[in-house]
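What follows are several structures.
Common to both upcoming complexes is subunit A, partnered first by subunit B, then by subunit C.
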Partner chain A sequence: MGMQKELQAAIKAILPEVDCVIGWGSGPDPLHGAPLFMRSEDDANRFASGFFAVNNPALFLPEYKGKKVAVVVKGCDARSVGQLLSEGLIKREEVSLIGFPCQGVVDHDKVAAALGEKGEMGEVTAVLEEGDALVLTLRGETVRLNKADVTAEKCMRCQYPNAHIADTFVGEKREPVATADDFADLAVFEAMSLEERQAFWEKEMSRCIRCYACRNACPLCVCRDHCVATSRDPSWLTQADSVKDKLFFQVIHATHLAGRCTGCGECQRACPVGIPVLLLKRSLARSVEKLFAYRAGIDEGTPPLLTFTLEEPTIKERSW
Partner chain B sequence: MATLRYLPLAQVPQWLDGLAKSYTVFAPAREGSAVVYRPRAEGSMPELTARPTESAKHVVFPRAHELFSFTYKADPAVVGKRDLTLTQPQDPTPTVVFGALSCDARGFFAFDPVYDGCGTKGLAKDVYYLKRRQNTALVVLACRTALATCFCNWTGGSPASREGADVLATLVNDGLVMEALTPKGEELVSGLAEAGAEQGAAAEASHTAAEATMAPVPGAPLDPKAIADAVLARFDDATFWQAESAGCLACGACTYLCPTCYCFNITDESNGISGVRLRSWDTCMASLFTLEASGHNPRTAKANRLKNRVGHKFSYYPSLHGGRFSCCGCGRCIKSCPSSVDIRRIVQNALAAANVKE
Partner chain C sequence: MSVLEGKELRIVGFLCNWCSYGGADTAGVGRFSQPTDLRIVRVPCSGRINPLFIMKALLSGADGVLVSGCHPRDCHYAEGNYYARRRLEVLKGLLPTLGIDPRRFEYTWVSASEGQRWQHVVDTFTQQVHTLGPAKRLPDAPELAALAARLEPLRN
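Then we have the complex of A and B:
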């Protein structure tokens, strides 16, 4: 793995200048990576980039306020960093970014579905990457999966695989997968009637356990311990195990992220029960892109919904 | 050993439909990428391949349990006086969980002493919990393999443990070998045909094979007291907990999927003049869990919260309840953690730190 070694060298080079370098290491099984916080060369030797480096390390940056940290970023992670910067939630001089040409990351739900009756992800004892294929070993047999079939949706429409902001860029920049976002994922949903959509969300949200992993995995959900969802004074949501409250929170979450969400998809990935919560945010991101020609995390300047203009050039308020 | 019975897979839906005449039946159902315990739809086949994402604890300990409802009524004779009517909800109906895992069944052992007046200490009993617990029968489906995140053997469990189960069901070929372990279990399976000797042997072989797929306990035999001491010894080691919690999101996925996490919150949810008093799940990973009325919060950082979760399971709880961990090793907290925080690693790191200090 050339890229891995090169990234490790870049990490080791910056270690003396920073409190820590945030990247990825290995997880509890060969299909899972995990965030890794590197402070020594030994730590850096455990760094693992590639298909299983799924977590968005930008999430952790606001926790390190006042300290200088470096972070290894995929293109989508760099968008989150860009958005945090444009909202003043982190300081540019406190963050050093190490970018690389991202080749896409895994979608575990797709792996689980592809394995089907052959076994569960947790039974996989070894994973080999052979070109476009993943070769898994489980129950003493090997299963070949096409990487393309188990790649995250966001990677299939990725316009920014090379971190667009980086202090160090390792490797050659790659061609984007797509030149524009066609929001095809929304088309399927929007083909439904309003009643069908309501029924869809009621069914999906009914298995929500209210763990708020979606919220806590979001790099731009910065209210943290002061979230409207858990505030008791005032109390906006009840503690009832009700679809109404669960959906209410998702709508609040999506609205708070309108024009801020970069589509990293961590909310949906973090959901332990696989609720497609990114859909709501994607819908609002499309509206913001259309109305304000603004791409969160990419375009500089104050995000359009965090400011006020008397006459929005893109919104017809008088000349109907 | 009780008589073994056999239920062909094709007859599972019909058998469960039969049970549903006398019981509320919960069974694992696939929903999206998750497998969750749901009140079973008539005629449906439970998900028996992929292990449930969540534990079955909500059947006995609902996510939001209505303790009672209340209504205020103005007294027309006295200005400002209101009469209060309290209504108790109905007692729970007899319930069967079909397809609980052996770790799910053992998980209730962490609840029992806490909600049953702490055994001989004679503290208050929690009737809400106890009624449901007594009313629920567990048909445990023996695991055929261990997952990378499984560590029930650390806590005295095994893939086909009979502990806490009313019936142990083992998948062999095209059917389930059913072993009743309690009178409650016997009542469920008594109508089934007897299993043949071969089927019984196949079930036994399946248990042995499953056992062989478990990763051995590191440094076996495991010394629970040494673990409890090692975790407690790290109590003031902020650096340790900051490092262990660095990747933690401080969400509640681990605690809410956990078969042994039993903490709750109580709120009155009123809507005008009426409402309900709810007991709902709470999580020590949340800030509000320890927010005091004064405004002071002793656990502001996620490091403090994770310390509590691990400390409670492996040190504080065992010190109060006969040395038993409040962890059944199901591994759901690891498997579903968005950051792959591994509670086994934390315990091992605590042990390693204790060994260095000695």
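Then we have the complex of A and C:
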């Protein structure tokens, strides 16, 4: 793993200048990575990038405001950082970014589905990457999976594999997978009628346990303890176990991210019951891109919903 | 129980204090006849309208939501309706993804002198919502639904 060694060297080089370097280390099992907060060379030796470095380290940056930190970012993570910067939620001079060409990350739901009858993800004792394949060891057998089959959806349409803002860039920039976002995932969803879509959300949201993992994993949900969803005054949500309240929470999350969501997909990845919550945010991102030609985290300037123009050529108002 | 029970739908209107609420008042003073489905909530400015107001209404069983404010360039607070225009347009785009017909929500601009225009807006929007019919309600929480069923005989 040449890339890993190079990144570790870059981390060690910046360690003396910062309080902490945020990246990834090994997780609870060989299939999972986990965020790693590095403060010493020993910590840096535990750094592990690659296919299992799924977490978005931009999530932790607002908490470190006022301290100088460095963060290792994939392309999508850099978009989140870009958005946090353009909203003034973090300061550029307090954050140092280490970018690298991301080759895509794993989708654990797909791994679990691919394993199927062969066993649970927790039974995997070793994982080897062999070119385009993953070789897993579980129950004393080896299972070969095609990497492309277990790669996250967002990576399949990735336009920004190389961090677009980086103070240090390690390695050669790679070609993006796609040149434009065609929102094909939304097109598939929209093949359903309005009634079917409503039934779809009713069914999906009925599984929701309101753990708010989607909110807590979101790098741009910065209200934290002041989230309107958990406030009693005003009381937007009741504590009833109803689809209405659960769906309304997703609407709160999505509308508060309108024009801000960079599509990192952490909300959906964090969901323990597999609700496709990213769909709502993708829909809003498409509207914002169409109306205001703005891609969150990439385009400079004030986010479109925090500003206006006197004439809005793209908005067709009701004639009556 | 109103005689209009079953014939009337539930439409929620969010009107800015300075223009559209005045416009609705003008329509009333002028005795222009209007459909009675609309229930009006007066807000200081269309810029005060949190898109969640609209979503809360729609998800809680409203059949339609109408937002009306001052014409662009005429906002009492100079720029509230410009922000509203952007927010409301983005929200309208989200409705189909949730399975809600976007025609259940409209926003428009009516000034305080436009009583006639207000009548036209209410007429057109009410008709539009009636064409769509009552909105499908999301189910209540199972326990609450069971409790409501148990309490039903007591209501009479």
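Everything below uses one rule, namely that the second predicted complex is superposed on the first by the 314 of 320 C-alpha atoms of A that agree within 3 Å, B and C clash if a C-alpha of one lies under 4 Å from a C-alpha of the other, contacts with A are read in each partner's own complex, and residues count from 1 in each chain.
Methods note: a residue touches a chain if its C-beta (ideal position, glycine included) is under 8 Å from a C-beta of that chain, and two chains touch if they have at least 3 such contacts.
This structure is a prediction, so every number in the text was calculated from the model and none was measured.
Asks: Taking the superposition on A as described, I'd like to know which of subunit B and subunit C A:Pro28 touches: first, second, both or neither.
Replies: In the superposed model, A:Pro28 contacts subunit B only, not subunit C.
Asks: Answer with first, second, both or neither: which of subunit B and subunit C does A:Ile315 touch in the superposed model?
Replies: After superposition on chain A, A:Ile315 lies in contact with subunit C alone.
Asks: Tell me which partner A:Pro176 touches in the superposition: subunit B (first), subunit C (second), both or neither.
Replies: neither
Asks: State whether A:Pro62 touches subunit B only (first), subunit C only (second), both chains, or neither.
Replies: After superposing on A, A:Pro62 lies clear of both subunit B and subunit C.
Asks: Touch test for A:Trp236: subunit B only (first), subunit C only (second), both, or neither?
Replies: The answer is second: A:Trp236 touches subunit C but not subunit B.
Asks: With the two complexes superposed on chain A, say which partner A:Arg197 touches: subunit B (first), subunit C (second), both, or neither.
Replies: Touch status of A:Arg197: second partner only.
Asks: Is A:Gly50 contacted by the first partner subunit B, the second partner subunit C, both or neither?
Replies: Touch status of A:Gly50: no partner.
Asks: Which residues of subunit A are in contact with subunit B in one complex and with subunit C in the other?
Replies: Shared contact residues on subunit A (touching subunit B in one complex, subunit C in the other): 240-242.
Asks: Can you list the residues on subunit C that touch subunit A in the complex?
Replies: My answer: residues 51-52, 55-56, 59-60, 72-73, 79, 82-83, 85-87, 89-91, 93-94, 96-101, 106-109, 120-121, 124, 136, 138-144.
Asks: Show which residues of subunit B lie in contact with subunit A when the two form their complex.
Replies: Listed in rising order, the residues are 31-34, 36, 49-51, 53-54, 62-64, 145, 147-150, 243, 246-247, 249-253, 255-257, 265, 267, 269, 276, 278, 280-281, 283, 286-288, 300, 331, 334-336, 338-342.
Asks: Which residues of subunit A touch subunit B in their complex?
Replies: Answer in residue numbers: 27-30, 32-37, 55, 59-60, 109, 112-113, 116-117, 119-125, 139, 203-204, 207, 209-213, 215-217, 224-225, 230, 232, 235, 238-242, 266, 269-270, 272-276.
Asks: What does subunit A use to touch subunit C in their complex?
Replies: 186, 189-190, 194-202, 228, 236, 240-245, 247-248, 251-252, 254-255, 258-259, 279-280, 283-284, 286-288, 291-292, 304-305, 308-310, 312, 315, 317-318, 320
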